[in-house]
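Per-chain numbering from 1; labels A, B, C and D assigned in written order.
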Amino acid sequence: MTNEERVENINRLSGTDVRKCMKCGKCSGRCPAFKDMDIKPHQFVTKLGKGQIEELLESKSIWNCLSCMACVERCPRGVAPAAVIEAVRDTVVRMQGKNGIKAEEIPPIVDELIPQQLLVSAYRKYNK
Amino acid sequence: MKDVELKMLERAKALLESGEVARVIGWKKGDFCHDPSPASFESVEELDSFVYDYFCGANLSKYLIQMSKKEGKTAVFLKPCDSYSFNQLVKEHRIKRENVYVIAVECLGKLDIEKIKAKGVSFVTGVEVQDKEVKVTTPYGEEVLSKPDVVLTKCATCNKTHQVKDEEIILHERPERDVNRFEEVEKLEAMTEDERFAYWRAQLSKCIRCNACRNVCPACSCVKCVFDNPASGIAAKANDDKFEEQLFHIIRAFHVAGRCTDCGECSRVCPQNIPLHLLNRKFIKDIDGLYGEYQAGETDEGKTPLTSYTEGDAEPNDVFKGEAK
Amino acid sequence: MQRIGVFICWCGSNIAATVDVEKVAEVIKSEPGVVYSANYQYMCSENGQQLIKQAIKEHNLTGIVVGACSPRMHEATFRKAAEAAGLNPYMVEIANIREHCSWIHKDMDEATEKAVILVRTAIAKVKLNAPLTAGESPVVKRALVIGGGIAGIQAALDIADAGFEVDIVEKNATIGGRMAQIDKTFPTLDCSACILTPKMVDCAQHEKIDILSYSEVEDVKGFVGNFSVTIRRKARYVDETKCTGCKICMEKCPSKKGLNTFNMGLNTRPAIHIPFAQAIPNVAVIDAEQCIKFKTGKCGICQKFCGVGAIDYEQKDSFIERQYGAIVVATGFKPIELTAFNEYGYADNKDVITSLELERLMNAAGPTNGVLLRPSDGQHPKVITFIQCVGSRDTSGCGKPYCSKICCMYTAKHAMLIREKYPDTEVHVFYIDVRTPGKNYDEFYRRAVEQYGVDYIKGMVGKVYNENGKLMVQGSNLIDNEQITIESDLVVLAAAIEPEPSVRKIATLLTASIDTNNFLTESHAKLRPVESPTAGVYLAGVCQGPKDIPETVSQASACAAKVIGLLAKDKLKTNPCVATPDETMCNGCSQCANVCAYGAITYVEKEFRLGGGKTEIRRVASVNPAVCQGCGACTVTCPSGAMDLKGFSSKQIMSEVDAICKK
Amino acid sequence: MQEVTTEKKEFTPNIVAFCCNWCSYAGADLAGSSRLTYPANVKIIRVPCSCRVNPTFVLKAFQQGADGVILCGCHPGDCHYVTGNYYTRRRMALLYSFLNYMGIEKERTRVEWVSAAEGARFSAVMNDFVAQVTALGENKRLTDLRVKEGE
């Protein structure tokens, strides 16, 4: 996969349009894991926009993001930084030839209010 | 029915003799027992040819547009279904109500000679109706037919009641009926688009543009019809093109939407037996469903569904939603 | 024989870049009836119009088609040009080959082909056009201003100064609006009340202005030059003609716990009250929901003490109907509700306030007499944090997608005033962008930073929470790429503004168009910014879009100029495109009158010849052309097709359909 | 070049759009001045109000070979003529339902409310409608109802 293809793939996986970002920083203003992140949530959005994904793929942040969705909840423009982080994380996992999730491991009864993405990313992270 | 006819004749005579009315609109005998036609009687003598029997299906209300303009009062015999057309015409200021004397007469459903003939019974010389049986006399003997099989299509689903009467002549009680007049419309709605198209294409291709449906319709009473008016852009030229019948019937049905009382005369007079009432009934059914039950001609005042609205009316794009398909 | 001329405009490159204008003009030459076809760079220019006029004269044209921009733009221009050349102005049709063609299509062949069809369509129509003459309708020399804020006040004063009668309808008990609540104004920092209240007094004293306070527009009928408006005068339970504004009732009223809405609910007021000291009219009003007399039937203390007998518990809403030639809408704004923004803790913390609340807290006539004390404990706040863009520029659905425009400037003003008055206070401002386009605006903002040392932080707040009585403001600092938490005593939210909700009803009554954010739409974004598309209706202030005081005042004066221009005329030309019945075909069925929103259709008995010396009398429709607005509802309702619309006749529209569908 | 010719032969529907002068026509103007594209086969006829559109105009368009007819007006409640579009709404709801009852594909007809401020919506609506009619193919039913020879 070329770099461009990867950028496109991350954009597609995240389902978010990074051009909608107005660079207000509210995502990073709220992020509870901010201190443990080498690349901050708002930077994920701007760097993806610029196609600078190498740094993102190597960042520690993808493993430190709690997928708490606070940034998604707060964003005034409907951009989803957590979805970008998850997309990068997924890309890394797949590059390692793995795909952390096993469907049967998802508990049969989950709270409907928990975002699907949280469950999925949790599996991705803890099966690393 | 004979007793009703006698009473009607008696009243017609009295009204003409006293000079209370200048004319009486009713039916007169035809060449056969099954072809009476609407007529105006201006003297007691003329009443010799008066008739009221099971073949008097014609709706007399439309004649009043012209008759009510004449000098003197006009008496008219109206069957239940005719009274709705009458009201609708009064509402549209087409009939001068004060010039008309309405006598409501009973109707237990009229017979369709075409349907009798279709049963293989020809040369009918007389009929007698007893409940659900029709005894038909012919030179070859008597035949007994089931009444529901041979009534006019418009009578098969009729449960109308008299809406206008200055007096009434009713001797027999009408049995209560529970009918769904939209059954056939529903059948068509349940078809696919392709099936419906095929159905109507087959039906309307029979149309010969004789204009009988238009001419008999009490709602189609314009001083000048759009189809006769070159300025309308849709004036009909003879054998114009292949689209014509369809255009004609769509526009005609739309023009009477909200005003059609479902009197069924269009289908009764169609020489090609096109079920034209099913076009009008689709509008009636949609109006009932979308804007609440409405019966044109129930009163002689107020707005029609197409000249009124509510702020929360259904959206045109949504009328297809919820349709099972 | 028809002699049609066709004129294709390049509109510089606006049309010519995507439509081969020369080809269009060439192809059209061979259309039946076309005797002249030309193309030119700018048809609307002096030279272009000259070209049209010349061609009309030289070629004896009976009708012309101009292929150019939208008819909403220049139809009037070309009609005038035609008229000047002796052609009836209604023998002109426009083919919209710019907005509906060149601007939306990229492929030249495709756009050119479409342009040809659009021009052909216009030719098909113009061939069926008939010369029309505009009628006249009188102008009522009186204007209505809806809303008594600074926009309404300014418009009313300007119109009245020109010598025309003006009524101001204000839904509150006093005029003054939002500006009356504001402490100081940017960028000059003069006292808001000092510049507003004299204008309020001018209104009250002006012999041409009638202030109808505590009133609402109930119904509007009619049209430009002759609106008939029903106004509800709400019961204030105080006789306006008797009350002297002595305030003894306020002193004696036992029910003093009503929220003082003028002070944004930061303190209380009696049930009977005058909203603020400089209120116009200076007349009390009773809040019936709060009043003991209305709740229990007992009390009546205010009535006992009123020296002039002004209290009238029996007063009912009354209605008056007045005629106006023009209407100015100046309904203003309100800050949005903050219920969707839990993260800022507005609902849970008394010390998280909106900017408008801060205005009252800093105002000498406010609940704290101008001393900045925080609402929770009356202490002087030492650390104040401002958060901008609260609900503005928000496309997530919680707030408003637009920029509220005034917040950057008033936040700078607040920060500056606080630092000026209380130099020991630390002031932080979280911002996304600082927007200061305006004369002396950026200088003003920079003063806040450079002279007053306000700490501007590029970033946004993610959460405000209470920890041991302190407001913890957690946000990002994007310049330093860090997350910070500021321990604050007071948090001020620059809440987005939205049009006053009552504008919706008014827009409906006036049939004025309104956008998805409830701002009224102007007729043209650049060239007709104060006119509503509905003739005779003008827009002033925030009801049209966010704006500050100087802009509002300019727009109000612009409105006034438009209104004066209208009222100065004795007669208006009416639209000649009205409905007319063909009496020979009319059934007199009344269906058309049932759908006419203007009551323009009546019926008359007419005699018609039947031939053979006979006649008959028929009931036929008759349209009053001065009242008919030309919508065409009647034409479709008419079963016989007797009713038709001039300028948009059935035949014309059908021929357009034909031209478009012709393969 | 070969490819281009085949592309040209692809079905492009002819769409007639009736737009009221005050809202939808202005909305179309705004779509234009915002350079929001929609296919060139949409052609607009200006009417004062959506309530001026007679069902016969719609039928005429189909008769003359239009593949789709769309009617645009002010949003209900915002009609420049106060009540015009309320009548339009009823008329067209009944007409379109009726045409469908006759077997005419319901996708060929549409009513949309587009305000003067909704240029983007105008463009989106037109793109969507064109796609819908393109998927449907040529209008054959309203131009020919009779059983034709050879069938």
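Here is the rule we go by: contacts are C-beta pairs under 8 Å (C-beta built on N, C-alpha and C of every residue); 3 or more make two chains touch, one makes a residue touch a chain.
Since we're looking at a predicted model, the values are computed, not measured.
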Fill in: Which of C-D and B-D has more C-beta contact pairs
C-D
Worksheet item: Relative to chain B, which chain has the most distant C-alpha mean position?
Response: A
Worksheet item: How far is the middle of chain B from the middle of chain D, if each middle is the mean of its Cα atoms, in Å?
Response: 36
Worksheet entry | Distance between chain centroids, defined by C-alpha means - chain C, chain D (Å) | 31
Worksheet item: How many angstrom between the C-alpha centroids of chain D and chain A?
Response: 43
Worksheet item: When the centre of a chain is set as the mean of its C-alpha atoms, what distance in Å lies between chain B and chain C?
Response: 54
Fill in: Junction residues of chain D - those touching two or more other chains
55-56, 60, 77, 83, 87, 91
Discussion item. If a residue has to touch 2 or more other chains to count, which residues of chain A qualify?
Written reply: none
Worksheet item: Where in chain C do residues touch two or more other chains at once?
Response: 595, 637, 650, 654
Worksheet item: If you go through all the chains, which pairs of them touch?
Response: A-C, B-C, B-D, C-D
Discussion item. Going by the contact rule set out above, which residues of chain C touch chain A in the complex?
Written reply: 343, 389, 393-399, 432, 458-463, 474-478, 481, 483
Worksheet item: If you look only at chain D, which of its residues touch chain C in the complex?
Response: 14, 16, 21-23, 25-26, 28-29, 31-33, 35-38, 40-41, 43-49, 51-57, 60-61, 64-66, 74, 77-84, 87, 91, 115-118, 123
Worksheet item: What part of chain D is in contact with chain B in the complex they form?
Response: 55-56, 59-60, 63, 76-77, 83, 86-87, 89-106, 109-112, 141-148
Worksheet item: Mind pulling up the chain A residues that touch chain C in the complex?
Response: 20, 22-31, 34-35, 40, 42-43, 70, 74-78
Worksheet, complete the sentence: chain D partner, complex, touching residues on chain B are 185, 188-189, 193-202, 204-205, 226, 232-234, 242-243, 245-247, 250-251, 253-254, 257, 279, 282-283, 286-287, 290-291, 305-307, 309-311, 313-317, 319-320
